[in-house]
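The same chain A turns up in both complexes below, where it pairs with chain B and then with chain C.
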Partner chain A sequence: MNEKTGLPGYKGEALEALKRINAEIGDLIRITKDGTRFEGILIPRSEYGDDKHVVLKLKNGYNVGIRITPSTRIEKIGEGAKPAFSPPPPPEKRGDLPKVVVISTGGTIASRVDYRTGAVRPALTANDLYSVVPELAEIAQIEAKILFSLFSENITPKHWRQIAEETASHIREGVEGVVIAHGTDTMGYTAAALSFALQNLPVPVVLVGSQRSADRPSSDAATNLIGAVKAAAYAPFAQVAVAMHADFSDKTILLHKGTKVRKCHTSRRDTFKSVNAKPLAKLDLETGAITMLTREFKERDPKRELVLKPKFEEKVALVKFYPGMNPAVLDWYVDSGFKGIVLEGTGLGHVGNYCFEALKRAVREGVIVAMTSQCIWGRVNMNVYNQGRDLLALGVIPLEDMLPETALVKLMWVLGQTGEVEEAKSLLTTNFADEFSPRTLPEKIGE
Partner chain B sequence: MPVDYSRLGLKVGLEIHQQLDTSTKLFCNCEPALFKEEPEITFLRRLRPTQSELGQIDPAAFFEFQKGVKILYEADTNTACLVEMDEEPPHPLNMEAVETTLTVALMINATPVDEIHVMRKTVIDGSNTTGFQRTCLIALGGEITVNGKKIPIEHVSLEEDAARKTGQEDKTVRYRIDRLGIPLIEIATAPVIYSPKEAKQVALAIGRILRATRKVRRGIGTIRQDLNISISEGALIEIKGVQELELLPLVVEYEVQRQLRLLEIQKELKKRGLDEKGLSEEFVDVTAVFQQTRCKVISRALSRNMRVLAVRLPKFAGLLKRELAPNLRLGTEMADHARFWGRVGGIFHTDELPAYGITSEEVENLRKAVKAEEEDAVVFVADTMENGEDALKAVVERARQALKGVPEETRAARPDGTTRYMRPRPGAARMYPETDIPPIKITREYVEALLKRLPELPEQKLRRLMKEYRLNEKLARQVLDSEYFELFEEIAEKTKASPTMIAAFLTETLKALKREGVPTENLSNDKLIEIFCMVGNGELAKEALEEVATWLSKNKDATVKEAIEKLGLKMLTQEELEKIIDTVVSENAELIKQRGSRAFAPLMGMIMRQVRGKAKAETVSQILKRKLEKP
Partner chain C sequence: MNEKTGLPGYKGEALEALKRINAEIGDLIRITKDGTRFEGILIPRSEYGDDKHVVLKLKNGYNVGIRITPSTRIEKIGEGAKPAFSPPPPPEKRGDLPKVVVISTGGTIASRVDYRTGAVRPALTANDLYSVVPELAEIAQIEAKILFSLFSENITPKHWRQIAEETASHIREGVEGVVIAHGTDTMGYTAAALSFALQNLPVPVVLVGSQRSADRPSSDAATNLIGAVKAAAYAPFAQVAVAMHADFSDKTILLHKGTKVRKCHTSRRDTFKSVNAKPLAKLDLETGAITMLTREFKERDPKRELVLKPKFEEKVALVKFYPGMNPAVLDWYVDSGFKGIVLEGTGLGHVGNYCFEALKRAVREGVIVAMTSQCIWGRVNMNVYNQGRDLLALGVIPLEDMLPETALVKLMWVLGQTGEVEEAKSLLTTNFADEFSPRTLPEKIGE
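Right after this comes the complex of A and B.
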């Protein structure tokens, strides 16, 4: 990016040519080349583009790239009109509606397009949100808060802590619900983290994202956000949940328990699935009705006192076993001072016997080693085969039907609460936020 | 009296859209094909108008969104994947399609861009699952010469075809996404066409160039012409989706006529002393008038608790039934607006009543209820309050426009050459970059390589047709101008049928059949090839061609074999034929005795009457000669 010159994305020859004529993004430019004349508005260039082309938006709306050669003539023929956006006046706040805070961590849940340059600008304030998704004004009184603007893969346990603290402060101020806008890639991890960090919740905390960017008319962002705000304001449960599309249609938003949800598809709207559990509730976008899908949920109770436990120990690893895995990887973690290792074993919870020595050493040195399954669906059971029984004997802790990602987050949280190995083991196997389900039900897995 | 188009200031620009014959779609690996069966998957979506920094919003699109219009998409897994469903980002641009588009651009001397940038053109009527159509400019400028006149080309672009609408039920529009993503080349001419005839000639010339690449799809629906038409006093009208070349002149003629008639109505309204203030959105609930009605549409609505809502259009009496074009009256225009904005099935107006079971007494009471004078017209609808109000608002708005003359709008072409209101004209093209697809460089070396292997131009082709297939110039031109050029070559190469016969059949017989109302579009290329194969092999008489083609057109799903059996056109075996000839000969022994060899002609006639279409005349003649010589 070349912010200073006002020519983002341009470099090398193209940048020089534009600098010579004092051009800025949005200016009207004329390029004459081999007898052909191109006139249009100067557009920013992708950072990954080469240094030889200038991009113009022609009068007919199309962008084209024109190669700058020694014989090219380039002129500035007009200053660009600065984009003027006058949002519609914000709807009147209805004092009778529940208060919901929308905390943004990144990912654009709502945005506008600058058709002049193609830039997409996120909606940042509550008024922006209302003007992009006007339906929200009919649902709740919204307070919008930007915590950070991060791609979700850049979110770490430090950020979980900040999100938890921010959420807690709003809940203590008495909001009826909290919505957290989050990039979808690691939203499942954050949902699990908040499930442990925010205990004894009085109101719902709903994470929401989108699989199709908010700048397109078909985006799922607005409908997911409407669903999330509605659930935060009115749902009868007081738990951490993820609100996303139930299927291909803009009809139903599912609310998944924060500890039981996983991103299962790279691109589909219904990428989030409840694993080894039923979704908490569903919300009909047409009628607005929220239907609970399970009887086992914690009811909303504004009088309940929130308990905030936001500390996470980062020296915990999630290790996926694969045929031929080099056990030295496990040694490295132990040598590097890691305090916990969650294994993603095969089938009912196994790893090759060539890893046993390394695991034995880890346990001996006070590292907590726990077992989940890479099958994703189902429950580990290490009593069925010898290999499993051997692992149990080594001190590996089976984590029932807990998702590997949830197990990682939980072990980080447990070790954030205590340094005592035995206490940590006991916390790890205690059910805090429905991370264990007592029964495995015959749910559908894939199609 | 012929219309003087130049005096009217007619200006027409053409936009030709032609599907390219690629092996996969433009942005994914699906087969570019349509399906007829029930959909395997359906899903319901809403498209939300995205806000622009410029604060522009497409009013029609925003209206539909506010009214809660939903789209039900139909898909099957052979013709669509997650990309068409907008559940997966697009794959890289199909380079086969880019190459064909570049080839066409170079054939018309357009200048390719150095770097292709795929854009998103906002379209939220549901025809694109994403809410935008992906499109990219491939080349600028260029020109073609038609009858010695240079027609400048504005641009050549490549875009994805849209989903096809399959129905609408109240607020739910149905679209099938099989067609979505099929590559389309778009060629836009400058508005320099000045007569209906010229519109067709220009389209024809562009069509020939496209077909010369041999990389375009054929058949109905694969080419669509959009026009923009204006006359000095009228307005710029965009007409979408003319599927047949033959229709172009008629579409232009009708549109000019429509604009002239609207101008006459405007004059008449002014003469009657109507001004804009005279028109108001005062709707009257006239349900009581129709409590006992025998009108089925209204009584059905009333039984569903709907209301009848009416509005008075002052000084419009008699004008709503004014014909603007065949089957198109001002009342039709209002009904179309009401359907679009109010989702109603249609409207009633006093210019067409009493009719449809509505009595003159009811009309009288209706007029009283809205206080209509004799010069006034009354328009009413039977629907829900919400739809009824939206519909009548649209009617009043259209009446206001009548006072101003011709409203700018987008219209849809119909198979008879007339057009119907489709939607208001969208604002400036609202395009922004498709960030999921990186720009594609067009190198000089690539362009030079393409220039070296440009396909044969239409004039060269004409000469080749005459030389290679020995067609006379008239037939050769006909073939070149028809949509059957490639099919002609294919049949001529694959079968033993005579090229002249094939050419005449494709360019003359089929046209004649079509004129008689035979749905020849049902004839697939494969069936035509099969028929000519049989003719070439002597299994089917060429005299039977027309009959077989007609039958197959009318029986879309039948096979050629079935046609021949049903029509009793199976060629007679040598044995059967000899038997028939023997019978005729023996029955006419007297004649033969009297006239000797001169009996040949009458006998031939008698036999051919019996076996026409089932035997070749040459064969009959040979056998008959032999029989007559022998006895």
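Right after this comes the complex of A and C.
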């Protein structure tokens, strides 16, 4: 931290290099290194940063950290508009743009560095958004709402309910789309929850996160946000989706179906993957074009009337099976009044036969027991082997190609709608939000 | 089933077509369809098969099912050697080949159709192997051992111990390599277990399974077995590996490190993936060439003395965190005398703060609590966010890029070696069998 110099976060060699050219945060800087030229606005570094990199925000909204060596050429080419002070566009211009609400729940994407102090602020006002990502002013009239400010691992089904209710109230007021800024850790679970809680959607609901905060080199916060707001404002679908980077390039944002998406890498920007389904759509950041990747989708229709079903039952467990698992834990769930158990079985949907007695008892006591696969990809099929057929006979419900995480959320939602076992089973196996994909074609002749 | 005609499993149109040309199981058949010609040995179908496909075993060992339509041309081109009766190669020839033991534990790969009766037999004798996969006779002198005949979801740490002991006894007798036929469902867990239990290996130990039984169209049993036996006999490494198809083609078998491999699809033949590591080697089925894919491996050395450490502690739990998880289940594990808990946290290694008290208590009572990520890919890093640092302060041990399944097996193994907490922590964070990969290089300048 080095606030006096107007270069917060910079130290050592990087700080010296910037001082030599009288640079300040917000200045337009050109760095030439190994034949490559980078031009962008100088942004502050985090206090945990090293002393060797200078971070520029490039024109495309992407941040890049460049290591300064003795042979690196660094120039100040303009006192660029300081991002923190760039004014929002004049109201008369913004009035023509679609209305989008950005609901902030916390997470890396909702944190921003204050360009003047270098401090991290945990929330987004509309002006914060416009100043950090000026492109947004050209896309939509944004209303920013801070619902809460939580790391997403602390978000629970109670919060899903609040997010669903908040989203519904804005949709009923007539926004063209809703963006929900969310930590990435459990964004897949929340996306599934909203897919069930918000039925008959008239407009898109787009969750967005970032893997790197805006003050870090190569942050994906701005580009993901641009993609999410564009999708909320203009996408032709009216479903719950997750907007995140498609790959390492800065060209494409994928919009994944809320029930089929999973965080699959601890740190990569393309961590979210559609599992057992194609993404809903892709968005080209350069042209702004949104291309649907599936023919079957629910079209945007502002006249459609939203149905809100935000209740979730928390007494539902996700149990991953493993060799030597003690089945007594299943008894503990039953004894503790749990109403549902989602198993992450092996392969096509199996658990060791030493768990059968406990599962039988659970079913007998009215607990809904459902089967998914820890393979993640592929489809449960309990008709292939005897032991799968035994599990079906015990009353275990196979959930086809549903993600274990989505299955957990769905069972919580189902048991929030009904306490009646047969009705719950029927809801659980009904396709509400593309949580089941149609069977895929055989891989090869004869299969 | 239609035993009288010598065409077990065939019915309807397929049966009629075969009868017209007087075909019997074992005959060499040519089928021409849509310009493609298939030539192979007619094999029986499973009793669950449809009435439209004829299944041929092609020359490359691969089975294919071809749908018979009125325009399909089908010819008998030879009364090929009936596979069930093909004699093993003469002993004088086999004496020069390396000795490999095939230990059968069960699973799809260990089942075979008896060509005469169409019945499925659950075990492999050496002659069964030679007759189903005649190529094996050219590769190695095989000793076949039936250890047990279990669906792999029924395999527990007690069986890991038996497999390790059986493997060790054959290695000490001087075989050139060991193949372990295993159901695919939990083959990754067993591979990890053997990686820890069999230290200082002089020769390769190769686990192999199949996704389709030998009597089904496009079975991968023969090709996987050929790959596994070749690797056991000739591979330059002396580590535990899993041999399975690399892709949908029939050209390459990958040899994955036992600690870095995971079943990632319920049904595809290329279901096993190396996670956070490259596979150890690949084997070209056409040329037989084995190419190492990593420079760092333990070389085969028959003089090296195996160290057998086959004990596993079963009182270890794998707990996948999810939003709204009831932390009382952690208390239940502590109260039930569990000695270790592996958490599958979110993202970089997080759980909700509502679990902190229960984790604190677990650590206080001497339970080893370790953190992995449910993202599967990537590396746990609990220093990035405050909540990760809180977990470290509570005594939760971060397990870098280790797979959750491998972490579970390793903690079971560690607690089988020592009851002393500090020693257990030290063993848990020591790299024994490539369960930790070196940190990867940054994705981009400045990261």
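To be clear about the criterion, the second predicted complex is superposed on the first by the 334 of 447 C-alpha atoms of A that agree within 3 Å, B and C clash if a C-alpha of one lies under 4 Å from a C-alpha of the other, contacts with A are read in each partner's own complex, and residues count from 1 in each chain.
Criterion: a contact is a pair of C-beta atoms (placed from the backbone, for glycine too) under 8 Å apart; a residue touches a chain by one contact, two chains touch by 3 or more.
Source: prediction; values computed, not measured.
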### Message
According to the stated criteria, A:Leu408 is in contact with first (chain B), second (chain C), both, or neither; which is it?
### Response
second
Exercise. Touch check for A:Leu7: first (chain B), second (chain C), both, or neither?
Worked result: neither
Q: Considering only touches as defined above, state whether A:Gly347 meets chain B (first), chain C (second), both or neither.
A: second
By the touch definition at the top of the document, which applies to A:Ile66: first (chain B), second (chain C), both, or neither? both
Is A:Arg268 touching the first partner chain B, the second partner chain C, both, or neither of them?
-> both
Discussion item. Quick one: is A:Cys375 in contact with chain B, with chain C, with both, or with neither? Answer first, second, both or neither.
Written reply: second
Note to self: Under the stated touch criterion, which partner chain does A:Ser219 make contact with: chain B (first), chain C (second), both, or neither?
What the structure shows: first
The chain contacting more residues of chain A, comparing chain B with chain C, is C
| field | First (chain B), second (chain C), both or neither touched by A:Phe248 | value | both
Touching partner for A:His53 - first (chain B), second (chain C), both, neither
both
Footprint intersection on chain A (chain B / chain C) at 53, 55, 64-67, 217-218, 248, 266-268
Listed in rising order, chain C residues that touch chain A in their complex are 53, 55, 64-67, 151-158, 160, 183-186, 189-190, 217-218, 248, 263-268, 271, 312, 314-315, 317-326, 328-329, 332-333, 336, 344-354, 373-381, 385, 387, 405, 408, 412, 443-447
Residue positions on chain B within touch of chain A in the complex are 41, 43-56, 70, 82, 85-89, 111, 113-117, 119-122, 124, 129-132, 135-137, 140-141, 154-155, 157, 428-433, 435, 438-439, 441
Given the complex, residues on chain A that touch chain B span 34, 36, 38, 43, 46, 48-50, 53, 55, 57-58, 60-67, 83-86, 112-116, 118-121, 131-132, 211-212, 215-219, 222-223, 247-251, 266-269
